[in-house]
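Two complexes, one shared chain (chain A), two partners (chain B, chain C).
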Partner chain A sequence: MSTDRLGRFANWNVAIIAVTVVVLIVAAATVDNFGTAQNFGFLILDLLPIALVALPMTLVIVTGEIDLSVASTLGLSSAVMGYLWNQNQPIETIIPLCLLLGAVLGAINGFFVTVLGLPSLAVTIGTLALYRGLAFVVLGDGAVADFPALYTDWVTGNIGGTSIPNVLIIIVVLAAVFGVVLHATPVGRAVFAIGTSEQAARFAGVRPGRLKFWLYVVSGLVSGLAGVLWTLRYSSARADNGAGLELAVVAAVLLGGVSIFGGKGALPGVIAGVVLLASLQNALRLSDVSNEALNVVTGVLLIVSVLAPNLANAVRSSLQRRRHRPEPL
Partner chain B sequence: MTIPLSRRLAVPLATVAVVSLALTACGGGTTKSSSSGDTGAPAASTATKADPNAPLKEGLKIAYLPKQLNNPYTDVEVGGGKVAVGELKGEYKLVGPNDASASSQVSYINTLIQQQQDVIVVAANDPNAVCPSLNQARKAGIKVVSFDSDASKDCRDAFINQATTQGIGESLVKMASELAGGSGEIAVLSATPNATNQNSWIQVMKTELAKPANAKLKLVKIAYGNDDDQKSFTEAQGLLQSYPNLKVIISPTTVGIAAASRYVSASSYKGKVAITGLGLPNQMRQYVKDGTVKKFALWNPADIGYLAAYAGAALKSGQITGAEGEKFKAGKLGEYTVGAAGEIVLGPPTEFTAANIDKFNF
Partner chain C sequence: MTAVDLPGSNLTTRRSSLDLVLRARELGIVLALAALVAVTTISNPRFLSGQSIRDILLGTAILAVLAVGQAVVVITRNIDLSVGSVLGLSAFTVGTLLRDHPGLPVIGALLIGAAVGGVCGAVNGILVRYGNVPALVVTLGTLYVVRGITYFWAGGQQINADELPGGFLDFGNATLLGIPYLVLIALLVLVITGVVLRSYRVGREHYAMGSSPQAARLAGISVGRRTIGAFGVSGALAGLAGVLFAARFGTIDAAAGTGYELNVVAAVVVGGVAVFGGSGSVWGAALGALLLTTIGSSLAVLEINQFWQQAIVGGLILLAIGADRLVAARVAATLKKRGSHVH
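Up next is the complex of A and B:
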C-alpha cells in the first residue's frame, strides 16, 4: 500500500467517524428522546449482532472474499440452541456447542473457498440457503422461549445501576481483539497483502489459503455467538432469526470504508459505519419515519459508500494525470 | 493448493470437541426442566385499586403495534382503534414492522417507550420475544393491551380476545361439518405454526372432532401458509393434490382463506371442495357470489381495535387494573367485564353467507 493510498483511506476513516459523530449530535439535538441513556442502551442492543458479525466480515472482505452465510449461521445456531434446550441439555453445554457449530459451518465455507478454490460469493450464497434450510429442519417453524432468566436478563440488562448494556463489554472486547489483529500484527498485514495481491502475498511468504480458511472459521464462530446472544436477547430461538442480517452487515462494512475489492479498510471506520446505520434507523424511527423510507436511506447510504471512494479515486487520478506525465510502470 | 489442512485442523477442532464433550459429561448445569416456570417476569400489578368512577383521561397517547403493517385485516382493526382514540380525544399512532418477525417488533416497543406513550396496543408476533421490552414499558407507566395475538400473560395488562377460543373452534368445526354433509376428509390451512391464536383454535377443533357427533369427519392435514398469499395459495394447491377426497379446507386466517378460495374458484375443484374459515367480507365477497364459498365467519375487526382503545384508556385512567370482574364502558359497544387473566372478550363471531354478506363493508 502506497502512502498516498494509506492517506486516502485514513481520510475515509476520519470522514466516516466525523459523519457518525455529527449524526449523533444532530439527532440528539433534534430528535425527541434520542439522546436519553435508555435509548442508547436500546441502540447498543439493536446494533449488537451487526457489530459482532461485522468484525470478522471486515477481515474477510479485506482479503477480497465475502461471507454471505453469516445470518444463516446465526439462525442455525439459534435453532440448534432451541432444539438442545428442548432436549433438556444444560445451557452451559449448549452455548459452547453452538459456538463450535458456528466454527464448523465457517470451516465448511473455508473448505470450499480455499481447498476447492471456488468463488466465495457463490459458495456463501449456497450455504446461506443451506444453513437456513437446516435451521428449519432442526426447529421447524416453531419457537423455543423459556430460556433461563439468569442468562436472558444478563443479555438485556445493564452494568450495575448504569444504562450501559452488559453486551457492550462483548462488543468492546471483540472489537479491540479484531482491531489489534488487523492493524498491529503480522496476521493483519498478511490480510491486507492477500487483498492487495494474493500472488505477491504468496511470494512474500504468506499462505493465503490457510489464512482465509481460518478467517471463515472465525466468521462462523462469531456468527454462532451472535445467534446465542440473539436468542437470549429475544428469549426466542427461531429458525428465521437474523434473516437478512448479512446485507446490513455488508452495508455497514462497506460504509465503514472497506473496499469490496479487497486490500483496503480499517476497523474504526467499520465500527463507525455500524453505529451510523443503527443510529440513523433509531432516529428516523423515533421521528415516525416509515419502514419504506428507512430502507431507502440504508440503500442510498450503501450505494454512496461504494461510489464515493471510487469517485474520489477517479477524480484524483485524473487530476494527477493532468499535473504529471504518467509514471513509468 | 497444497495445504495439509486436515492435519492443521485436526488439533484445534479435536480440542474444541473434547472440551465440549467434557462439558456435556459434567452435566449439572441449568436445563429446561431445572429452570422451567421461572420466567423472572413480574406478575400484573394489582396493588392499586380500581376506581370504576374515575373520569376517562383526555389527550392520552395510544399507539398501535400490529403484527405487520400493510395487511388488510390489520388495517381494519387499527382503523377501529383510530375512531375510538378520536372519540377519546387522544393522540393516535400506528407503527409496525413490514415483516411478521418477532424481533423486529421489539425495536418498535423500545421506540414507543422513548416517546412516552400512555398505552401500547400490541398484537404479538411471538408471545415471549416481546416480553422483556413490554415489561420495560409497563415499568415506565405505559399500559399494555394485547389484541389479536396475545403476548405472554406476565407482560400485558389486558388482552382483547375477538371471541372465546372455544366459540371460534366450535363454530369452525360446525361450519365444516355442515359443508361436508357430516362426513369426509377435512384439512386446515393455518397461518404460522407458532401463531398463538391459530394454535388454540386448532386445539379446540381437535377436541370437537374427537366427539362422537363428528366421528365421520377426518382431519387429514394441518398446512401452514405463513399468512403469505403465495405460500397459502401453493399450500392449498398441495392439499388438494395430496388428498383427492378432501371435502373441506378450513382456513382460520384471512390471508389463507382468500388464497385458497382464489385457487379453488379457478380450478376443477370448484363445487367439489368447500372452503370455510375466518375471512373478511370484502375479500371474500366475489367467492361467495361465484359459489366457491358457502359460508365463513368473523367478528368485526374494527370493533377489536375500538375496544382495545377504550380498555387502554380505562386502564390508564384507573377505572380498571386488569383484574377479573372489573367493568368499564367501551363507547358504542357498551359495557364490558374483564375476564380471567385480564381477558376481555369482544363477542361471538358472525357467520357470513350469500344472504347477508352485502350488509358488511370491511
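Up next is the complex of A and C:
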C-alpha cells in the first residue's frame, strides 16, 4: 500500500509537470505575445511572490499544518518598509529590519501552534486578520513610493543584456535550498515523518514542536522578503499589498501534489504548480479574460487538484476489487 | 474541547460542569460587550442613541445570519470559507431579478436568495462528502469560483438603489414595533436553528459528528447526509444574508461581501464555537457577531483609527481559541479529579 501511494504521488508530480509543459506550449502557440521573451520576464516577476512563499508553505503543509497569515505578513512587512522610509531611515537598515519582522511574526504563529498547541488553521486565520490590521494601523490607506532606484531597478531589471529577470536568481537559489533541505537532509525526513505520524516521529527522536516552530519562523521570514521585493517591484509600499495571496499560494502548493493531510509532496511538483497557475493566468489575461474571472480557473484547479488523486484512487481500488472478485461458477 | 478524554463515571456531574463552562463562555462575551458599551457611552452618550443602536442591529443582523450558518458547519468539524462569495452571488442575482421584475414580492426575493445560496452550499457539501477532501480546501476553491462567476456575470456593472423597487428598499428600512425587519429575520433564523440544534435529534447528530466522526458513524448517524445538510444550511443562510445585504445597502456590485468570511469565522470562534467541532451554540455565534459589530461602531465613536478594527478582530480570535484551550484543559482536570473520587 505504501509503495502504491508513493507511486501515486510520483505519478502526480510527473503529471503536473507534463500538464505545465503542455499549457506553456499550447499558450505559446495560440495566445498572441505569450511566447515572447518580454512576456516570460513579466511572468517570472508575477510569479515571484507566490513562488517564494510556496517554498516554506510546502514544508509547513507536509508537516500537516497550514499558514494562512503569509500574505498579511507580506503586507505588514511592506507597510513597515514604507513607514520607515517615510522616517528617512536608510534602505540598508530597513530591509534587514523587515526580514526580522517577518521572522518575528512567524515566531508568533509558531508559539501559538507549538507551545500553546492550538490548531494552526484557527491561529493563522487570527494572525491573518491581526497582521493585516496592524499593516493598516502602521501605514493607513496611503502609499509610500520613491524607493531608491538602485534597488527598484534591480528587482524589475534583467540579468546583463538578456531578458531573464534578476529576481529569477532569488527564486532558483531559494528553491534549490528548500529542495535540498526537504529531500536530502534529516530535517526533510523529519518533516515527512511528522506529517505521516507525529507520534511515530517523536518515538524516532524527532522533536515535532521545535521543528514546526522553526518552519513558521522561516515561513514568516520568506513572507517578509516577499513583502520587500513586492514593494520594490511596484515601488509602492501599501498596507493592502498581497491581499488574498495566501489563497493562491495554498492553491499552487496543493496543485503541486502536496497532500493537505500532511506527509506527502515534492518540491518539483510545487514549482510546476506555481508555474502552471501563473502561466494560465498570464495567458488568459493576454486573451482579454477579466482578472476576476480568472478566479474561476484558480478555484477549479484547486478543487480538481485535491479531488483528482482521490478519484484516481477510487477508480483504481474498484478496478482491483473487480480483478480480485472470484469468477462465477 | 469535547475531543478531551472524559472519564465516564458520573454523568450528571459531567453534564453540569460542561454546561457551566459553555454558559461561562457566553457570559464572557456578554460581559465584554457590556464593558465596551459602558466605556463608549461614558465617553460619548450619543453612542446609545436610537440611530446608533439601529445601525449596530442592522449590521449584526446580516453578520449573525452568516454566523449561524457557519456555526452549524463548524460544529460538525468543517468550515465554510465560501460564504462571502455566496452572499455576493445571491445579492447580485436578487438585485438583477428585482431590477428586471420590480413586481417580485419581498418574500420571493428572500426565497430565491436562499435557494441560490443553498445550491452553492449543497455543491460544497457534495464535494466534501464524495470527494473525501477537507472542507477548508473545497470552500477555498468555491470561494474563488463563486466570486469569479459573479464577476464574469456582472462585468463592471453595478445595481443602484434607484433601479430597485421601492417596496424592497422599504423592507430594508422598515420596522415592526420599532424593530427592523432585518433584525426580526435574523432572530427568527437564530431561534429556529438554535432550537433544532439543541433539542432535536437531527441537531444533536451534528454535535456527535463534530465530537467524533467515527463514533457518530458507528452510532448509525448518516454522517455524509448531515455534512451535505450542514453545508446546505450554511449556503442558504449566506444566500439569505445576500438579500438582506441588498435590501440594506441598495447598491450591489460583484464585490459585495468580499472578505466577509473572515468576520464570520471570527464571530463564530469568538462566540465560543470550537474549531475542532462538537461544541458551541448559535447563540454564542450571534453574540460574537454582535460584539464584532459593536466594536466597529465603538471605534468610530471613540474616534480611534478604524484601521484598528481588523487588528482587534485578529487579536480576539487568538484570545478566544486560547481561552477555549485553557477551559478545556481545566474541565478535563476537574473531571479527572471528580472521577477518581467516585471510584
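Following the convention adopted for this analysis, the second predicted complex is superposed on the first by the 315 of 329 C-alpha atoms of A that agree within 3 Å, B and C clash if a C-alpha of one lies under 4 Å from a C-alpha of the other, contacts with A are read in each partner's own complex, and residues count from 1 in each chain.
Quick note on the criterion: a contact is a pair of C-beta atoms (placed from the backbone, for glycine too) under 8 Å apart; a residue touches a chain by one contact, two chains touch by 3 or more.
As the structure is a computational prediction, the values presented were derived from the model and not from experiment.
Of the two partner chains, chain B is the only one that A:N86 touches; chain C does not reach it.
Touch criterion met: A:G140 reaches chain B and chain C at once. In the superposition on chain A, contact of A:P148 is made with chain B only, not with chain C. Touch criterion not met for A:A29: it reaches neither chain B nor chain C. In the superposed model, A:L247 makes contact with chain C only, not with chain B. In the superposed model, A:G117 lies in contact with both chain B and chain C. In the superposition on chain A, A:G126 makes contact with chain C only, not with chain B. By the document's definition of touching, of the two partners only chain B reaches A:Y234; chain C does not.
When the shared chain is aligned, chain C comes close enough to touch A:L307, but chain B does not. Comparing which residues of chain A touch chain B with which touch chain C, the overlap comprises 117, 140-141, 292.
On the side of chain A, the complex with chain B involves touching residues 32-34, 36, 38-39, 42, 46, 85-86, 88-93, 96-97, 100, 103-104, 107, 111, 114-115, 117, 140-143, 145-146, 148-153, 156, 207, 209-210, 213, 230, 234-236, 238, 240-241, 243, 282, 285-286, 288, 291-292. Of all residues in chain B, only 1, 3, 5, 8-9, 13, 16-17, 19-20, 23-24, 27-33, 35-36, 38-40, 69, 93, 95, 97-98, 101-103, 106-108, 110-111, 113-116, 126-129, 131-132, 192-194, 224, 226 touch chain A in the complex they form.
The part of chain A that touches chain C in the complex is made up of residues 66, 112, 116-119, 121-123, 125-134, 136-137, 140-141, 239, 247, 250-251, 254, 260-261, 290, 292-300, 302-303, 306-307, 310-311. Residue ranges of chain C in contact with chain A, taken from their complex: 79, 127, 131-134, 136-138, 140-149, 151-152, 155, 254, 262, 265-266, 269, 275-276, 305, 307-315, 317-318, 321-322, 325.
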